[in-house]
Structure formats: structure tokens, C-alpha cells
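The two complexes that follow have chain A in common; it is paired with chain B in the first and with chain C in the second.
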Partner chain A sequence: MIKLIEKIEGEAKLNFNFKDNKIDFVDIEFMSTRNIENILRGKNAFDALVINPRVCGICGHAHLIATVQALEDCYDNLELSNKAKIIRELTLNFELIQNHFKWYYLTMLPLFGHKQQVLKATFPSQLMGKAIALFGGQYPHTSYAIVGGVVCEITEIDIIKLQHYIAQTIKFVEDNLVKTDSENFLTCKDADVLLDYEGDLPDILRQIKKEELLEYGKSYDRFISFGENSYFKKGKSLKTKVSHNISVEHVKESEMPSSFAKNVSFKDKYYEVGPLARAMVNKTPLIADAHKKYGDSIFSRILARVCEISQLLEHSKKLIKDLDLSEESYIEPSIDISQLNSSGYSAVEAARGTLIHKVEIENGIIKNYEIITPTQWNLSGGTKDKLGVSQKAMIGLSDIKTAELVFKSFDVCSVCTTH
Partner chain B sequence: MKNNSLFNKLSSRLDELSNLPKLDDEVSISKLIEEKGFSRREFMGWAGAMTAMLTLPASFTPLVAKAAEMADRLPLVWLHMAECTGCSESLLRSATPSIDSLIFDYISLEYHETIMAAAGWQAEQNLEHAIQKYKGRYILMVEGGIPHGESDYFLTVGAHGKTGEQSAKEASANAAAIFAIGTCSSFGGVQAAYPNPTNATALSNVTDRPVINVPGCPPSESNIVGTLLHFILYGTLPALDVYNRPKWAYGLRIHDSCERRGRFDAGEFVEQFGDEGAKDGYCLYKVGCKGPYTFNNCSKQKFNQGTSWPVQAGHGCMGCSEPDFWDKMGIVHEPLGDRLYHTVFGGLGSDATADKIGVGILTVTAVGIAAHAAISLVKKPKE
Partner chain C sequence: MKNKMRVLWLSAIACNGNTHAFLNYPYMEQFLDDFEFIYHPVIDSEYSLEDIVSKEIPCDILLIEGAISKEFQRADVSVVDIIEKYSKIVQKIVTVGTCATFGGIFRESGYEETSGMHFDQDKPSQKFQDLIDKTISVSGCPVHPEVLVNTLYAIKKNAALKLDNFLRPKEFYAYTIHNGCTRNEYFEYKVDNHQFGKLEGCMFYDHGCQAPFTHGSCNKILWNEINSKTRAGLSCMGCTEPTFPRQNLFSTKKNMAIPENLPVGVGKRVYLTLAGISKAFKIDRLEKKLIDD
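And now, the complex of A and B:
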């Protein structure tokens, strides 16, 4: 039985095979592509800063940051001010936050039989959009990060505005998502305690428990996260065993005959990426507790993503305190790009998980460009003997509606995936 | 009053519209807005801002308000083609109070995939049903470039495996008005950049019906909503430029009302990002601003509820509302200078617009001449 999954920024086609009334195998197909990597070849290296955000309208900013870091990796001794680093991290945080709100209110709630709450999705994401626009000029599709720093010269007034946007977003969380002081939510270490709170998140978590969906959505219990910054750590987690010693070298992309998307594996194994993976690698107490009790089920996956909203808002407040406006925004690289023959890569944590960019430059012209997106990790379509992460999570379910819920709990994005 | 005839014309248009059936007899847009917690005063404030944007006198505000309330007479079909969804995103982020998004949300028929609740078979049926039911009456908005001809298989949509091209053609055939939202559906966009691997093209190349282009990557939310209101008000297509863009939004260059224009005229340029000029808000021409060649109202409307726009943030305009800007307006951080590029001005060279056509304003003052000389200097060579 074929089912189209939309409302995921583009479209994916899932072909369900049933055996004894249970899902036996799911074929995942993506039916469109734009071939951006091909377009990048032969272009001036800096043009990638304009083209790549357009890979995706929802996580375009992560693509910008990945691009600029991959290009900077091509230089030997590139200097970057602390201020530029913090600003880039802030805007990326805001993008993650706005995405999580929209996913929760637009995609998740209807799947649990609730009304889609458009305004609850747009209000906080507009605030975060404005916060990005303060630095980047617009959102989506800013190109304000450049090799050597950022172009914006912000002032104290911008900081005041920014703090206001963050405060309002935190207030929204406290009034709607989890009705308590953010401090309580952030320091909560017991997933079951959370169930006693009021709010849109505890409502859904209680519903998962009541309707006995706790076993749904379990996959390999194998997580990976490559993007490193002042908040996220790099590493992989096998059940709860975390190791930080991993290398992008072992990440491989392979073509699939039936789909425009490519599979991604690490040392020939499929890994889950995204907020749950990041929390497992970071050993976030609340998520670790949910994982201990309910494994890598939809419960933990949904909780991890929503929890990230509050964590990143809090962390952003700290980052702003570290911001020194008197530092340089931009430090000119010592070599002009046109004299550069080199290659580089980057890994950043986008809303949906690890995003990797790899670039080869010859005399300042892009010779090769490779983009590996988060959804490729989670949606890699494997064979029956070697299932992809989301495929495995759907096997054994008895109806398509639940399968759709499980599938979308990964927050899939097909525009990105096929780029 | 010289605007009387226009006022009367628009009024009678709205009266005609009010006789058409509503999407839902039980719901009215004014009630809907009120229910969501917006006062009449806030609504009128919003209508006033829209009136100004559509370059109508303030006395037309009640008409614009009425037009917004009539929006449910003309349902909207929104199609996604090969794209990044950035245009829908721009709209989702439109102004708070979210009157625009409320109206859009309400009148959008079931096919706005990103925010719609139905999916798959259901959605496709809804679309077909909507096209039949509202034949000749619905407004079609298309987002995304369209892989066409032998490459059409790069975009298949819907459960029946239709190509995007087919689906866009069919929806266009029965629409009352067709708007290409964003640079992709207007001109092909990023996927049409050289070597255009999927042979993506503009909506206007796959249908023989007239298409109004609302380019920008993404276009500001106000241009999208303004386009809709304009059609409701006038019932005819707006005055257009050579690229079929509405003149009320794309009539002027970014450069014409740029907040840094004074710096340009005074010959004060940012020579390199991060320098003293950058801190003082000097003109960004020499670090690659394409504002002098780009027609759009960003400098007035800005983005994200008027928070900012690229030039305010310190990044030059990249010309995103011009055709093929990917290939013709590069290199991103360098001025176009004297490099040849094909423009409507007959390939006079890119500076034709700035120098030969725009120079009239500059040469009035000595300062202007200095500025003119300054822009033809090559950017400081790097080591």
C-alpha cells in the first residue's frame, strides 16, 4: 500500500508491505530533485554562500553556517573573532528553536487528533525569525556569514531587542508548552514528573502513555552527532554508551535506484541524528531518564525535540552575556580565495540533526561539493536485511496512521534530502 | 477629487464580489479576525499599512479593509514545485498581528501542503475537487521552478505520479489569476542556475495564460499579500514591468530608496567588511551590492515584520528578484563594475543602469560626480 507523506516540506512516498497485518517492510522514495551540488561545480567559491541557504527554506541557515565553515576549513590559519563565532551560533540556535515550534504545533498535534494550532506555531517562530533578521537582515535565506566572520555591526540596541525576543519566547513556552517556570522544566530530571505539569507538551506525553504508544517508534538505539559548538558535543551513543572519538571520514553516501535521495551510513551502519541523538551524546538528564524508561520511542524523541527549545533559549542568554561588541566582526583572510587550492569540510547541528558539507576548491572555483543532510541519515532506505533508522522504527506496526506518526517524529524534510 | 473615479471603480468591484458565494456561509473574515483576538482598530491599522504599500491614498483604507474581508470570495490554490519552501516560510512569518497569515490560511484551499492537515490521496482529491468546484474563480499561486520537457520527471507530485509540469498546467488552465510567487516560479530560480541540471523553468514557460511574477528569494510577506489584495480590489492584473512584475512593488530599484543612498551620493563606501565604513553604515556597492540593478521594495518594506533587510544588516543586495541572478549577478562580494551582463537596457553593461541611466541624478552635484568616479575604481587588490 502506497502512502504519500506531505507536510514535511516537500513530499515523500512510502510504500508499505504488510504481512500478517503488520508492517513488514517500508520502501521510502523521494520523487523530486534539484541537483544543487551539480550547480555549485564551476561557480566561484563565495557564491556557495548565496546558493546553499536555498537548499532548504526551513533550515537554510544551517546550510549557510555549514557552507561558511567548510570554506573556512580550506584555509590554513584563518582567524575568527569570538564575537563572530557567538553570533553565528546564536542565529543557528534561533533557527532550531523556530523549527521545533512549527514541527510540534503544525505537524505533531494533528497526528494526535488535535487541531492544528497555526498561530501557536507562527507566534514564537516569528519572534525567532526577527531575532535572526537582527543579525542577518532577513529570514529565511540570509547570507550574512562570510569567510572571516559576519557582516553585521550590531549595537547595544540590537542586543536589547534580542533579549526582548528571547524573553517573549520563553514566556510563550511557560504559558503554553510546559506551564511552569522554565527553570523547573530545565532542571527536571525525571520524565514522569513532567507528566504532572500542565501544558501542550505534557498533554501529548500523557496521551502517549494513556494510549499505550510507548513502545512505538523504537529503532536501533544508535545515535550520532557531529556538529560541535559551545552547547552540542560530538559523539556517538550506542544505547547509553557514549564515545566522542568519531571522524567524518567514516561517513559514506550511497545511491539508491528507486529514489532521488542517497543513503548515509557511518562505518556501514545507520545512525539516528537529531535532538534525541544530541541529548544522548550530551547526556541531558531529563532525556537520559526518558530513554532509560521508554527507550528510543516516540515519547523520548518528541520530548527531546521540545526540550531543546528551552535549553537553547537558556543557552542563548548565556551566549549573549559573553558577547563583546568591541571585537572585530570580520577578519580578512590572509590569502585571497582565488589563490586557494584546497579542500575542507564542516559539520553543524541543524534542526533535524547533523548536516555535513564538503568542498574542494581549485583557484577559488568550486571543483566539487557534497552535502549530506540530516534527513538522509534518518530516512536512509535500506534493504530488508539492513533497514534504515526510520524504516526499522515502523516495522511491526499494524496501521499506517501510527506509522505516519512514527515517521514524522523524526521531523523529516524532503527538500533538503534530495537537494 | 481626482481619485474619485478610481474609488468608485474599486467600490463597485467589491460590491460585485460581495454577491459571490462565500467559502463558508457561517464564517466571515471579520468575525474570524475578531475571534483570534484582533480588535477592529488593529485590523484597520493593518489595512492602512497595506493601503500605503499599494501606493493608494490613505482615504482608500476602508476599501482595502473591505477587500480583505472579501478575500473568501476568491479561494486560493497554492502549488509547490521544485523549491525549498522558503516562500511559504516567508508567509508563515508574516506580520504580527498575523492578519495576513490568518486570511491566507482561511482562504487557502486544501492544497497548501506545508500547513495542511490532509495528506496524500486525500490532498490530491481535494485539489482536483477544488479546481472543479471553483473553476475560473480561484487564484493560483505557484511556488518553485518547474522541471520541464524531457526532464519533467525530476519533479513528480501526488499519489498518481503526475509530473509537476502537468499539475501546474492543469491548475493554470482554470484559474482566474495566476501568480508566480518567488524567483523560482517567476524565472526558474536556483535550480535553473547553470548548468540547470533538471531543466527547471518559469511557470510562464509552461502555460499560455498570463502569469504575474512576484519574485524575490524569498519575496517579502507583504509583496505576497499585497498581490492578492490588489487583485481583489481591482479585479484586473496590475500594471507590470518588462518582467511581468507588479509595478507597485517592483517599480523602483533597491538603490532608489536605500537607507545608505546618501553614503553612495557622498562617495562613502565600505571597502572591506568589518572596516570603519562598515561600522558607520557606508554604501555597500564595492563589497558587491547589486541594489543599483535590482527592482524591488525591500528598502521600504523590509523583512520579518520590518525588522531588517540585508543592506541594513551590512550585506549588499544580491539581486534576488532579477532573472537568473545566480549566473548574471555574481560574484557575490564584488561589484558588477563594467562586466557585461544582459539587461533590459540592451546589454549596455551592468553599470548602464547606475551610470548612464541613473547618472542624471548624480551629476547634479559635485559630490555626485565624486561618487561616480569612486564607483568605477576597482576594489582594493588583495595581497
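And now, the complex of A and C:
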């Protein structure tokens, strides 16, 4: 039975095979592509900074940061101020946060039978948009991070404004999502304690428990995360065993006959990426506890994503304290791009997980460009013998409605996948 | 029950950037009181995409996001067929963003005859000729949410909007991005030593800023209500224009040291004369840090 899954920044076609009234196999098909990698070929390398945010309307900023880092990786000894690094990390955090709000209030709530809450999605995500615009001029689709730093010069007044956007967003979380002091939420180490709080998040978590959905959405319990910064660690997690020694070299893309999306694997195995993966690699106590109790189910996956909102807001407050405004925002590279024959890559954590960009440059012109998006990891479509992560998570379910919930718990992004 | 205007938001070859730009509209509650989406890429609607393509749902305004090609399908139906079906019943069609208007970035995505609805870059396209009187274009990559929403209100009110040659409301596109830029004085007095990462300086001379010859209101109404790319220190990339994306976006193309593209309506000779005179100014305030010790 074929079902068109809509409103995932586009669509995907899921072809369900049932056996004894249970889902036995799901084929995932993306119906189009936009050939961004071809569009980039032959263009001036810096133009990728303008084109790549247009891979995706909801996580385009991650594509900008991945682009600038891949280009910078092409240089030897490129100088970058700490200030520029912090500012880039901040704006990427803000994009993750706006995404999670939208996912929760626009996508998740309706799947649990509640009314979509447009204003609860737009109010905090607009604040995060302002926070990005303060540095980048606008959101979405700025290109403010350029090779050598960022284009903006920030003043003390800008920092004050930024702190207000963050404080207002934290207040929104405390008034709506988890009705307690953020400090309590962030230091909570027991997923069951969280169920006693009021708020939109505990409501859904309680519903998952009450409706006995706790076993739903489990997959390989195998996670990976490549994007490293001052908050996220690089590593993989098998059940609870974490190792940090992984290399992008072992990430492989392969064509799929039935879909425009390409499969992604690490050492020939499919891994889950995204907030749950990051929390497992980071060993975040609350998520580790949820995982211990409920495994890699929708409970843990939803909790991890929403929890990241508060974690990143808190971490951003710390990052702001580390900003030294007297440092340079931008340090001009000593070599002109037109003299570069080189290649580079980057891995950053986008809202939905690890995003990888690879570039080859010849005399400053893009010879080759490759983009691996988070949704490709989670939605790799395997065979019956070797299922992809989201495929495996849907096996055994008895109805398509629940399968859609499990599928969307990965926060699927069709446009990214069909880059 | 209030009579809401019914809107179909149709995405063609797009990144959904306009969808998310729209979600930044600050008075969303009011908007959703006055308009109802029969389909929207992320906002819940009464109908599914499959309903939209298989039936004919009553609708007042058709919004199109993304570049258009007959070959590109949504829910197994060509976007051209969907557009043709709904364009017959709606009062107005709005091409949202630069892809839907001119082809934009995804004009190059490799589908057969990809372009905007009425324009293939700056060339008129014959495809939907009979619909030209129904169409308003709000270009931009992405569109500014206020430009989109206020255009929809103008349609609702039956207000007469004056349009430019690309069907864009002059109210928003008669201005250039240069209008309202905080770096204007560096342009006026030809202080041409811009460096990235500084509050000071103008990106027009060396860093590819297209603001003086790009139409739009970015610096008049600002983005996210607070800033603009040029104010932040990033060059205007000319994203509202049929030429978007040009090549070598971070550097200014020059002939004999004169920028190839000059402000709208300004001739080379006059520009050169005026630049020479302007350079005679030595304005201390603009030569040093704006916020100095």
C-alpha cells in the first residue's frame, strides 16, 4: 500500500508491505531532485556561499556553515578569530532551536491528535530568526559567514539585544514547553520525573506512556555524529558504548534504484543521526536515562529533540560570555581563491543531524561538490536483509498512522534530501 | 463565521525558503484570521496535496513558490497542470520568490524548460500568456514576508496596486536596496576602502554589492524587523532581480576601474565625473572608525 507522506518540507512516498497485519517492509521514495551539486560545478567557489543556503528553507544556515568550513578546509593555515568561530556557532544554534520549535508544534502535535499550534511555533522561531539576523542581516538565506570569518562587526548594544531574544525564548519554554525553571529541566536526570511537570512536552510524553507507544520507533540503537563544536562531540554510540575515533573517510553514499535520494552509510552500516544521536554521544544524563528506560523509541527521540532547545539556549548564553568584541570578525586569507587548487570537507550538526559537504576547487572554480544531508542518513532505504534506520523503526507496526508518526519523529526534510 | 480568503500555496522546484520566510511574518494570528490555506507546505490545511491535485477545491488566490517546469510533479501531477487548473478559478495568482518569478537558482536544476511563470530571467515567457493580467510577482530569494502578506491584503481589499514591468508591486519594488542602507554615506562620498567585518564602508566598489541597481525594500522595511544584509556588512546579491544569481557574487566587476553595473539610471560618464568630485571630499568622520575612542 502506497502512502504519500506530506508536509515534510515536501513529500515522500512510502510503500508499505504488510504480513500478518504487521508492517513487513517499507520502501521509501523521494520523487525529485534539484541537482544543486550540478548547479555548483563551474561556479566561483565563493558563490557556493550564496547558492548553498538555498538547499533548504528550514536549515539553510547549516548549509552555509558547512560550505564556509569546507572552503576553509581547502586552505593551509587559514586564520580565523575566536570571535568569528563563536558567532558562527551561535547562529547555527539559533537555527537548530527555531527548527525544533517548528517541528514540535507544527509536525508532532497534530500526529498525537492535537491541534497544530502555529503561533507557538512562530513566536519563538521568529525570536531566533532575529538573533540570526542581528549577525547575518536576515533569516532565512544569509551568506554572512565567509572564508576568513563573518561579515558583521558586533557592538555591546547588539549583545544586549541578543540576550533579550534568548531570555524571551527561554521564558517561552518555561511558560509553555516545560513549565518550570529551565535550570530544573536542564539538571533533571530522570526522564520519569519530567512526566510530573506541566507543559506541552510532558503532555505528549505522558500520552506516549498512556497510549502504550513506548515500544514504537526503535531501530538499531546505533548513532553517529560528526559535527564537532564547543557543545557537540564527534563520535558514535552503539547502545551505550561511545567511541570518538571516527573518520568521515568511512562515510559512503550510494545510489538507490527506486528513489532520487542517495543512501548513506558508515563502514557499510546505517546509523541514526540527529538530536538523539548527539545526546547519546554527548552522554546527556536526561536522555541517557530515557534511553536506558525506553531505548531508541519515539519517547527518547522526541525528548532529545525538544531538550536540545533548552540546552542550546543555555550554552549560547555561555558562548556570548566568551565573546571578545575587540577581536577581528574577519581576517582576509593570504591567498586569493583564484590561486587555489585544493579540496576540503566539513561536517556540521544541522537540526536533523550530521551534514557533510565536500568540495574540489581548481583555480578557485568548483570542480566538484558533494552534499550529504542528515535525512539521507536516517532515511537510507535498504533491502529487507539490510534495512535503513527509519525503515527498521517502522517494521512490526500495525497501522500506517503510527508508521507516519515514527517516520516523522526523525524530523524528515524532503528538500534537503532532494538537493 | 468570517469570510476568509482561500489560498493555495503550491511549491514547484523550490527550497521552501519562501515558506519559512513567510513564517516570520510578525502578525500571524491576524493573518490566519483573514486567510485560510486550502494547502500550505507546513501549516495544516483542510485538504491534502492529493486532494488538491485530484479535485478542484474552491480557491481565491494561487501562490506559486519555486521554478516551474512541466516535467516537475507534485503528487504525481505536473505542476503546470496544477497551475492551469487552479488559475482558472482563482481571482489572482502570486508568484512568490525569484524562482517562481524568473526561474532563479533552480532554473538551472536540469528540468525541461525551467523558468518563472511569466519570465525566463528577463525574457517574457509565452507559457501562461493568458494569465498575465491575473498575476502579481513578489520576487526575492526569499520573498520578504511583509511584501507577500501585504500584497495578499491588497488583493483582499481590491486595492489597485501599480505594477512594474515584471508585475511587481511598485510600492515595494520601486525602491532600490540601497535606499536606507546605513552605509550610504560611504557610497555618496566615494569612500572606497571597505573591509569585511567592519561597521564602516560600502561593499559596492569591491565586494559585489548590487544594492544600487536592485529593486526592493530590504533596507526600508528591514528583515526580521531588525536588520538587512547590507547593514550587517554583506553585499546585496541582487536576489529580487531576473539576473539572480549572477556569477562572482563577492566581487565587483569593473571596466577601467569603474563598476560595470551602476546605480539605476546613472550613466558612466556622469558617474565618473561625479565620483571625481565626490572624492574631493575628505570627511574625517568617514575616514575613521564610526564608533571610536
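List of remarks:
Just so it is clear, the second predicted complex is superposed on the first by the 419 of 419 C-alpha atoms of A that agree within 3 Å, B and C clash if a C-alpha of one lies under 4 Å from a C-alpha of the other, contacts with A are read in each partner's own complex, and residues count from 1 in each chain.
Going forward, contacts are C-beta pairs under 8 Å (C-beta built on N, C-alpha and C of every residue); 3 or more make two chains touch, one makes a residue touch a chain.
Note that the coordinates shown come from a computational prediction; the quantities given were computed from them, not determined experimentally.
Model built by superposing both complexes on chain A: chain B and chain C clash. When both complexes are overlaid on chain A, the residue A:285 reaches neither chain B nor chain C. When both complexes are overlaid on chain A, the residue A:295 reaches neither chain B nor chain C.
In the superposed pair of complexes, A:336 makes contact with chain B only, with no contact to chain C.
By the touch criterion stated above, A:125 is placed in contact with chain B and with chain C alike. Overlap of the chain B and chain C interfaces on chain A comprises residues 4, 6-7, 9-11, 31-36, 38-39, 43-44, 46-47, 49-51, 54-58, 60, 102, 106, 110, 116, 118-119, 121-122, 125-126, 129-130, 132-144, 146, 148-149, 151-153, 328-330, 332, 415. Contact residues of chain A toward chain C in the complex are 4, 6-7, 9-11, 31-36, 38-39, 43-44, 46-47, 49-51, 53-58, 60, 84, 102, 106-107, 110, 116, 118-119, 121-122, 125-126, 129-130, 132-144, 146, 148-153, 155, 161, 328-330, 332, 415.
The touching residues of chain B, when paired with chain A in their complex, are 36, 80, 82-90, 92-93, 96, 98, 101-102, 105, 113-117, 119-121, 123-124, 145, 147, 154-159, 161, 164, 189-191, 193-198, 200, 217-218, 272-274, 278-279, 281, 303-305, 307-315, 318, 320, 326, 330-333, 382-383. Put simply, chain A touches chain B in their complex at residues 2-7, 9-11, 31-36, 38-39, 42-44, 46-47, 49-51, 54-58, 60, 102, 106, 110, 116, 118-119, 121-123, 125-126, 129-130, 132-144, 146, 148-149, 151-153, 260, 328-332, 334-336, 404, 415. Contacts from chain C toward chain A in the complex involve residues 11, 13-21, 23-26, 28-29, 32, 41-44, 48-50, 72-76, 105-106, 108-110, 141-142, 195-199, 218, 223-234, 237, 239, 245, 247-250, 291.
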